[in-house]
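Got some structures for you, see below.
Here come two complexes built around chain A, the first alongside chain B, the second alongside chain C.
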Partner chain A sequence: MSILHLVVLAPFIFAIFVPFLHKYLRHIHTGWFVFIVPVLLFSYLVQFIQPVMNGQHIHKVLPWMPSIGVSFNVYVDGLGLLFSLLITGIGALVVLYSIYYLSKEKEALNSFYVYLLMFMGAMLGVVLSDNLIVLYVFWELTSLASFLLIAYWYHREKSRYGAQKSMLITVSGGFAMLAGFVSLYLITDTFSIREIIAQAPDITGHALFLPAMLLILAGAFTKSAQFPFHIWLPDAMEAPTPVSAYLHSATMVKAGIYLVARMTPIFSGQAEWFWIISLFGIVTLFWGSFSAVKQTDLKSILAFSTVSQLGMIMCLLGLGSAAVHFGYEEGSFYSVAVVAAVFHLINHATFKGSLFMVVGIVDHETGTRDIRKLGGLMTLMPITFTLAVIGAFSMAGLPPFNGFLSKEMFFTGVLNASTLDIFNMETWTYLFPVLAWIASVFTFIYSMVLVFRTFTGQFQPEKLETKPHEAPLGMLIPPVILASLVLIIGFFPNLLSKSIIEPATASILPTLLGPENSYFKVDIYFWHGFNAELFMTMGVIGVGTLMFIGLHRWSGVYDLFPKRLALNHFYDQGLVQLERLSEKVTRIHMTGFIRDYLVYIFAFFILLLLGSLYTFNAFTYDFEHTADIGIFEVILSLVMVAGALGVVFARKRITAIISIGVVGYVLALFFVVFRAPDLALTQLVVETVSVALFLLCFYHLPVLKVEKNTVPFKLTNLIISVGVGLTVTLIALSANATRLFEPISEYFIEASYKEAGGKNMVNVILVDFRGFDTLLEILVLGIAALGVYTLVKLRLARRDEA
Partner chain B sequence: MEILMSVVAGVLFSTGTYLILTKSLLRIILGTALLSHGVHLLLLTMAGLKTGAPPLLGYESNAYTDPLPQALILTAIVISFGVTAFFFVLAYRAYKELGTDDMDELRGTDDE
Partner chain C sequence: MFELLIKMAAIILSVSILISTYRVFKGPTMPDRVIALDIIGINIIALVGVVSVWLSTQAFLEVILLIGILAFIGTISFSKFIERGVVIERKRD
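So, the complex of A and B:
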């Protein structure tokens, strides 16, 4: 246990105290206490920047279940540090924001902060764990915390719907990922990511390699809302805005990005990895930005924008994996793509976090997030407007903000991808730059919609519930900090390059570092001359502006898209059909008729036993060792069969009862013939008592009706019952023919007088050698007698009613 | 002899099963009684029906019939008697309370 382990566990530990703080210190907003946690963690983690920059990796071991190779090992390298700084940094800002956003009096703050802390700890666990199983545990904890936070206002139906949807999608992805992790374990015999990476060159040919890759990607894509699993993210916007800002823009949705980046050293260099990630990324980028334009809810716009930006990062990671194929050269675009991914990851966290907070402010101050009701807020909320402009322009990729830099690098990546000649990609070269450019145009449009539809135009106070005014200072501080980061990174992009981006890139592409280039040289220029990328951006701005102005003319294009083909429709219908199908299947076989269940049981009995007799060729019979048949036995057998059939065909109760008596008495006679005097005695008495019992109740018994059954019904019964009899006979014959060893009865014959002092062997066995059976058999009889007595005497229902 | 007995036991099983699959409660109970007869007969048969003296040491004999299955069957007879008696009273009560012995109509009552 080291302090680093405490970093991960601290939020969980602190969460225990939150309800008490909430209960006993009601006059102080609980958020203030919680605020201390991420601030402390952030300041503690900052000190790792220096050693990680120098290429040191911190590794702390804590055995958890060592016998199965699961230990809670914390591992800090560039990538883990980048993410944990994001989590704690933005976490602190979000907590600060939530203090002003959530009312102390009206909201259940204790559960909110418990869930939020649980999420924060889980997320830190995901990014700092070296062990795959521990990573998975924390991964599912983030899903759970997200589920709880989305449904924070659980009395709203939409919140519950969104929470359920996100739970189902992310957890099914998580299960796939677990299967992928286990496959990796089967290949490499270790759960440690570092050890797997060390074995990476040797495992590519393994049969489980590709399934492991696909399963892990399924986990990453569902969590990171990649197409077509992105549908949960817009519905997750029912969560309180601080949650959307934190989970659904800056941290949790990047867990999938983290996973892909973390797994890059293992899987990169494979064509499948390259293609799947790049294509899913670019399609997500396009689809997210395309869908964002038609939204009317501010948070929905941001949700689709997040989807689209995550697709962009994913695509960059995919393109960057080609670097492994080619090796590192300074300035080569392959590694530039990875640098761009890391850079945009940071940029996106800053501007998207601030935009969510801005939207939260607008919602808080006006009472709506619908852009059709909003407008003209610029003069009323000048600070919020400024923040929105900075965030949205950065998102649109305009200079001088940081989004411009990462978008330029993205264009470099896709343009160069078209010159790649690996993995048979010549034929698809045009796809990347074209899709990327169109997506950028749409990104531009929705960013403009976000700013100008909200803050300029006609002010419509009659549609608003409250009179809008500027937000309180505390609510503005966190977005101001994020927006200033947007500007600072925009103007001084190399501020972070050496300390954060280079080590993170080094963790994603560790194999490319040799003695001569011990770190990646990252140099992000603001101005790189008149090149294709710049012209592309200018095109984006030009076309985007024109399309934004004429939006009302072409927005009808969204209505052309049929609702039936929407992914949400598939999801909803899928759930409905699944339920309907399972209900139908249950209805078909769970009929409620006992006869049907007996048919299943007997049919299974026959099929299984006869089937295995047939399959293993086990049927044998043997006439030699059997005893001789006497005439007496033949007559008894015929009488018994006649009696049994008599029960079946009896039309009157008395016939049936007498027939069953016949069978019982013949059985007693068989016991006489086969020299079992005690059995004969018991059977005679029992049969007499049984028949007497039947006759005693004779007048109260139901009359035997002739069964009015259809022919197929009777035929099934006949087939089943004959099958059961046949099975029993065949097995009896086979068992009789194969005697594996001599019976142990010689012992009883020897010992019953010598050891137990009795001459009747059966009785000695019953009360001496195996007396326990008899004891419990007495118990059975006692219980049966009590049961009968109770049944006869106890009549609650009827008497109570009367 | 064992083969004949196996066939007879098979017939008892068949008739028992057939009765269990019918709708009348009384027939079902008679079916279970037939099934237990079949099982007892089968138990005895499986031990081998070699002729020998009854398992009483009073008989001076070289060979005795196997005493162990007889003890098992004796236990089984008593248990199945207890169960049959209980079933019988249960069926009788069900018939009195619910007014039917048709299994198709016995699919849950309003009390549930």
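So, the complex of A and C:
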């Protein structure tokens, strides 16, 4: 246990105390105590920047379940450090924001901060653990915490719907991911990511390699809301705004990105990896930005925008993985995509976090998030307006904000990708730049919608529930910090490039680094000269402006898209149909009739036993050990068969009962013939008693429902009964033919008088050699007797009537 | 010779059981069946006796006694059932 382990566990430990703080220190907002945790963690983690910059990796070991190779190992490299700084940094700002956003009196703050801390710890665990199983545990904890936070206002139906949807989608993805991890373990025999990466070049040919890749990607895509699994994210907007800002824009949805980045050293260089990630990313980018324009709710716009930006990062990671094919010199030309992904990851966390907080302020101060009711807030909320402009323009990719830089790098990445000559790239050359450009136009449009529909235009005070005014200072501080980061990174991007981006890129693409160049040379400038990327941005701005002005003329295009083809419709119908189908299947086979269940049981009995007799070629017969058959046994057998047939074909129940008696008595005679006097005695008495009981039951059948019909004939029953008889006969014959060793009865013959002092061997065995069985059979009879007595005497149902 | 006689006896008894069984199934009235069952019981007693001689063992003598008792009890209870409709009458109180 080191301090780094405590960093991961600290939020969990602190979460235990939150309810007590809430209960006993009611006059202070609980958030203030919680605020300390991320601040401390952030300031502790900052000190790792220096060693990680110099290429050092911190690795701390804590065995958890060493016998199965699971240990809680914390590993800090560039990628993990970047994410943990994001988690703790934005976490601190979100906690600060939530102090002013959530009311001390009205809200259940204790549960809110417990969930939030649980999420923070889980997320830190995801990004810092080196062990796949530990990573999975924390991964599911983030899903759980997200579920709880989305349904924070659990009395609203939409919150519960959104929580359930996100839970179902992310947990199914997480489960697929676990299967992928286990496959990786089967390939490499280790759960440690470090060791798997070390084995990476040797495992590509393994049969489980591709399934492992696909399953892990399923986990990453569901978590990171990639097309078509993005549908849970817009519904997760029912959560409180701090949660949306923290989980659903800055951290949790980037867990999938983290996973892809982390797995890149293992899987990159494969054509499948390249194509799946790039295509899913670019489609998500396009679809998210296209769908965002039609939304009328501010948080929905931001949700689809998050989907779209995540698609962009994912696409960049996919394109960047192509760099592995080339060495350092040429590879650096393509690895710019990975640098852009890391850079945009940071940028997106800053501007999207601030935009969510801005939307939360608007919601808080006006009572609505519907852009059709909002407008003209610019003069009333000048600071919020400024923040929104910075965030939205950065999102749209305008200079001088940081979004411009990452968008330029994105264009560079897709343009480079079109020059690739691997993976059959040349036939699809223009797909990536064109789709990326169109998506950027839509991004520009919804960013403008976000700002101008909310803050300019007609002020409509009659539609608002409260009188709008500027937010309190405390609520403004976190978005101000984030927006100033947007500007600082925008103007001085190289502050980050050496300290954060280069180590992170190095951990995504470790194979590209040789001994002489231990880090990537990342230089981010505003000005590259007049190149294709700049013209593309100018095109985006030009076309986007025109389309934004003429939005009402072409927005009808969204109505053309049929609602029935929407993915949400598929999801909802899928759930309904799944429920209906399973109900139908249950109804078909769970009929409630015992005869049907007996048919299943016997059919499987035949299938399994005859099947195994057939497949293992196990049927043998051997009449060497059989005794001679006398005429007496033949006659008895015939009588027995006649009795059995009498049971089956009896026209009256009484005949069947008597026939059963005949069978039982003949059996007793068989015992006589085969020299078993004790059995014969018992059998006679038992048979008499049971025939008497049958007669008793017969006599008590209700008068009205007396059916003296023959047994109705059914072909299935005939087949199954014949099958069971045949199976048992065949097995008995085979078992008789295979004598593996001598029976142990010789011992009893010798020992029953000498050791136990009895001449009746059967009785000696029953009470001496194997007395335990007898004891328990006595117990069985006792239970049966008590049961009969209880059934007859205890009549709770009729007690009221009596 | 002795063994042949024993076998003959066993076979004859078996045949008589078969014939009585026919009466059990066919027997138009309930008393017919009960009487036939009683006959079967007695025949089985004889058969067990013959078999004991055949196997030259005394182990089955209890069986003979038991069948005698059971046949008696069975016939009595059937008769009472036919006569009164119940086997064990409840106490009148």
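Convention: the second predicted complex is superposed on the first by the 770 of 802 C-alpha atoms of A that agree within 3 Å, B and C clash if a C-alpha of one lies under 4 Å from a C-alpha of the other, contacts with A are read in each partner's own complex, and residues count from 1 in each chain.
The criterion applied here is as follows: contacts are C-beta pairs under 8 Å (C-beta built on N, C-alpha and C of every residue); 3 or more make two chains touch, one makes a residue touch a chain.
Note that the structure is predicted; figures quoted are calculated from it, not measured.
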Touched partner set for A:631, first chain B, second chain C, both or neither: second
Partner chain in contact with A:662 - chain B first, chain C second, else both or neither: second
Partner chain in contact with A:639 - chain B first, chain C second, else both or neither: second
Touched partner set for A:748, first chain B, second chain C, both or neither: first
Partner chain in contact with A:677 - chain B first, chain C second, else both or neither: both
Most chain A residues touched (candidates chain B, chain C): B
Which superposed partner A:698 touches (first chain B, second chain C, both, neither): neither
Overlap of the chain B and chain C footprints on chain A, listed as residue numbers: 675, 677
Parts of chain A lying in touch with chain B, wherever the complex brings them together: 592-595, 598-599, 602, 621, 623, 626-630, 633-634, 637, 640-641, 644-645, 647-648, 653, 656, 660, 663-664, 667, 670-671, 674-679, 682-683, 686, 689-690, 693-694, 697, 700-702, 704-705, 707, 709, 716-718, 720-722, 724-726, 728-729, 732-733, 735-736, 739, 743-745, 748-749, 752-753, 759-762, 765-766, 770, 773-774, 777, 780-781, 783-785, 787-788, 791-792, 797-798
Contacting residues of chain A [partner chain C, same complex]: 631-632, 635-636, 639, 642-643, 646, 655, 658-659, 661-662, 665, 668-669, 672-673, 675, 677, 680-681, 684-685, 688, 692, 695-696, 699
Chain A-touching residues of chain B, taken from the complex the two chains share: 1-27, 30, 33-34, 37-38, 40-42, 44-58, 64-68, 70-71, 73-75, 77-79, 81-86, 88-90, 92-93, 95-97, 101, 103-104, 106-108, 111
Contacting residues of chain C [partner chain A, same complex]: 7, 10-11, 14, 17-18, 21, 24-25, 33, 37, 40, 44, 47-48, 51, 55, 57, 59-60, 62-63, 66-67, 70, 73-74, 77, 81, 87
